[in-house]
């Protein structure tokens, strides 16, 4: 967190900004979802409130805030109110470890009669040297939010919906953990920043001693592990209970599954948890398989962009801020595209029945990921050790 | 009293308090949630010991799988608050003396040496060392764990399939 | 006094022994089988903590490997313990420890 | 150590304060309606619900949770293996491949045994 008080303060503000940025994404994603589904189903979607329905976000927010704080009769009051916060914690903690861009280097400057020393601010809340294990550990806590919500609302059907949702979540967490092993074998590290550094430059690999290089492909993880990327992406759908995996909320008698009795801002918090998991999933897919925050066509390393900026603006804060902004834009473009795929799949694919859903998790995804791990190990051994 | 020590004391108070909650809450679902807090607190304490990989594994295995199983099973039993959760049977004096002796020994020895022995934090044990030792020195135990897991899987299946009782 | 508060190996041992004692007390005191299983998990975690502390202060990776194995075995034990508890619950419709006496041969 | 644990604790604090604060504020802002007994009934799509004791005890869920724990431990042992596999693949790659192959083989056999014994069926 930095040595002196100032750096700790800067980092705390940065953590709060990244968390609030994640929270601000929720109304935007809700709007994108409604416009997107309207576009897919050939209708208009919200366009009354402000241009293109953008003010609809504000209208939704006000509606959620002014709803009545309703707690049903045989609910356990404290847990009933605590469940939305518990559902929000894993997504926020997991998003903290995803690298957004290269760090900003600020040169010493003079302000308010004091000279402030040089700072480097990491563009992520916490730089973990076991990044991916921490993210898996924290997102496995997501099941508690559902279980407590289902049990505390005293409604028999929401309890059943909660247990179904958490059973689905834990079985796909297995496939998620195994799908990552394939790409981890190739990177050989858990640190997400090192993984992104490894994905620089044109596509190059060693095979039986010679090094090959394909100059028109970027050196991204998806070209090393196409099957692993697909399996990981499917598993992130199920992790965030998104369609076609949101069956526990949609059956006739389960009505809305574990959040049947919830309304107002508590409901919005469950949305924040769901969209938070979606953004963590999209961030992980970009970091592992799509080269993190790097631009696809300028394949040189980071310093290429830095030198370009320095050539125009001279070394200093402005140059590094420009490169960080450049990479931040590329990161948000990739995550945005993946979020659109989440929404696009939701409004095109039909829903699974519960037993086919669990069969897919245990009988197709799990064997495929095990096969992928075995195949990668053998091919790696054949390529590198022979 | 650096900031490192303050964090250690906060985490240990949280973990021990939650552990006390596990055994003193009458309704078992509350004690299961307290167990989840204890596990996460211990994961944070592994962080202070710079065993980052262990902290992540603790979160994945304990806080995210074992305690979720406890919570699920308790919810399926649908128990409400237990009338009198503590077993009232008498504990013989000999047994009580043994407990008090063991407890005091376990506390006095580390507490007494706190004032004399000063252990400095060394270079941390990295995950690569852990993996290196695991697959070279302890590889037999590693394979034995694989067989143990298979046995447990077969056992759990047999238990789940059995109707309980003597028929068929 | 402030020298003694500087955290060393012994502080971790004190916390681990306290946690172990809470686990033992839980096993002795409670009636519900699942809470007894949870107290056993507490005891195993106390051992994990002291293993990690010794491994950190003595620069010995063996300690962390032991924590790894203890976790694997404790999770397997919790799984089997719960499977037995559920089987007993389905048969005797109660979850107190005294129902387990009916399992005698 | 500190620059990895402190941000997480601060973020946890921020999330809890944000969540609890917003809940409290919105409870002030919302209207206060009269709590009639019908209104407080759990939502059963209008049909008066039975009491919760009559639900059938579904055994299937805890079996999934148990097999999840067992295969999760297998995944946990794979993670340190991936760290050291690529680096010293030249000198001990074969040895590592065989040791992990044996471990995974045992557990894949366990998975197929569970599949055959119907552990993964959903009635």
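The letters A, B, C and D name the chains in turn, as written, and every chain counts its residues from 1.
FYI, a residue touches a chain if its C-beta (ideal position, glycine included) is under 8 Å from a C-beta of that chain, and two chains touch if they have at least 3 such contacts.
Model, not experiment: these values are computed from the prediction.
Q: By CA centroids, point me to the most central chain in this structure.
A: D
Q: Is the C-beta contact count larger for C-D or for B-D?
A: B-D
Q: I'd like the Å distance between the centres of subunit C and subunit D, where a centre is the mean of that chain's Cα atoms.
A: Computed value for the inter-centroid distance: 21 Å.
Q: With centres defined as the mean C-alpha position, give me the subunit B-subunit D separation in Å.
A: Distance between chain centres: 18 Å.
Q: Approximately how many whole Å separate the CA-defined centres of subunit A and subunit B?
A: Distance between chain centres: 30 Å.
Q: Please work out the Cα centroid separation of subunit B and subunit C, and write it as a whole number of Å.
A: The answer is 4 Å.
Q: By the touch rule stated above, which residues of subunit B touch at least two different other chains?
A: 4, 48, 50, 52-53, 57-58, 60-61, 65-66, 68-69, 72-73, 76, 78, 124, 127, 130, 132, 134, 145, 149, 152, 156, 160 - these are the residues of subunit B that touch more than one other chain.
Q: Multi-chain contacts only, two chains or more: what residues does subunit D have there?
A: 2, 4, 6, 8, 52, 55, 57-59, 61-62, 65-70, 72-73, 76-77, 79, 83, 87
Q: At which residue positions does subunit A touch at least two other chains?
A: 128-129, 133, 159, 163, 167, 170, 173, 177, 190
Q: Which chains are in touch, pair by pair?
A: Pairwise, the chains that meet the contact rule are A-B, A-D, B-C, B-D, C-D.
Q: Would you pull the subunit B residues touching subunit C in the complex into a rising list?
A: Against subunit C, subunit B makes touches at 1-2, 4-5, 8-9, 12, 15-16, 19-20, 22-23, 28, 31-32, 35, 38-39, 42, 45-46, 48-51, 53-54, 57-58, 61-62, 65-66, 69-70, 73-74, 77, 79, 82, 84-87, 91, 99, 103, 106-107, 110-111, 113-115, 117-125, 129-130, 132-134, 137-138, 141, 145, 148-149, 152, 155-156, 159-160, 162, 164-165.
Q: Taking the touch rule as given, give the residues of subunit C at its contact with subunit B in the complex, in rising order.
A: Counting only subunit C, the residues touching subunit B are 2-15, 17-26, 28-32, 34-35, 37-39, 41-42, 45, 48-49, 52-53, 55-65, 67-69, 71-76, 78-80, 82-91, 95, 97.
Q: What part of subunit C is in contact with subunit D in the complex they form?
A: The touching residues are 68, 71-72, 75-76, 78-79, 82-83, 86, 90.
Q: List the residues on subunit A that touch subunit B in their complex, please.
A: 128-130, 133-134, 136-138, 140-141, 143-144, 147-148, 150-151, 159, 162-163, 166-167, 170, 173, 177, 190
Q: Which of the residues in subunit D end up touching subunit A in this complex?
A: Residues 2-4, 6-8, 10-12, 14-16, 18-20, 22-23, 25-27, 29-33, 37, 40-45, 49-50, 52, 55, 58, 61, 64-65, 67-68, 71-72, 75, 78-79, 82-83, 85-87, 89-90, 93-94, 97, 100-101, 104, 108, 111, 115, 120-123.
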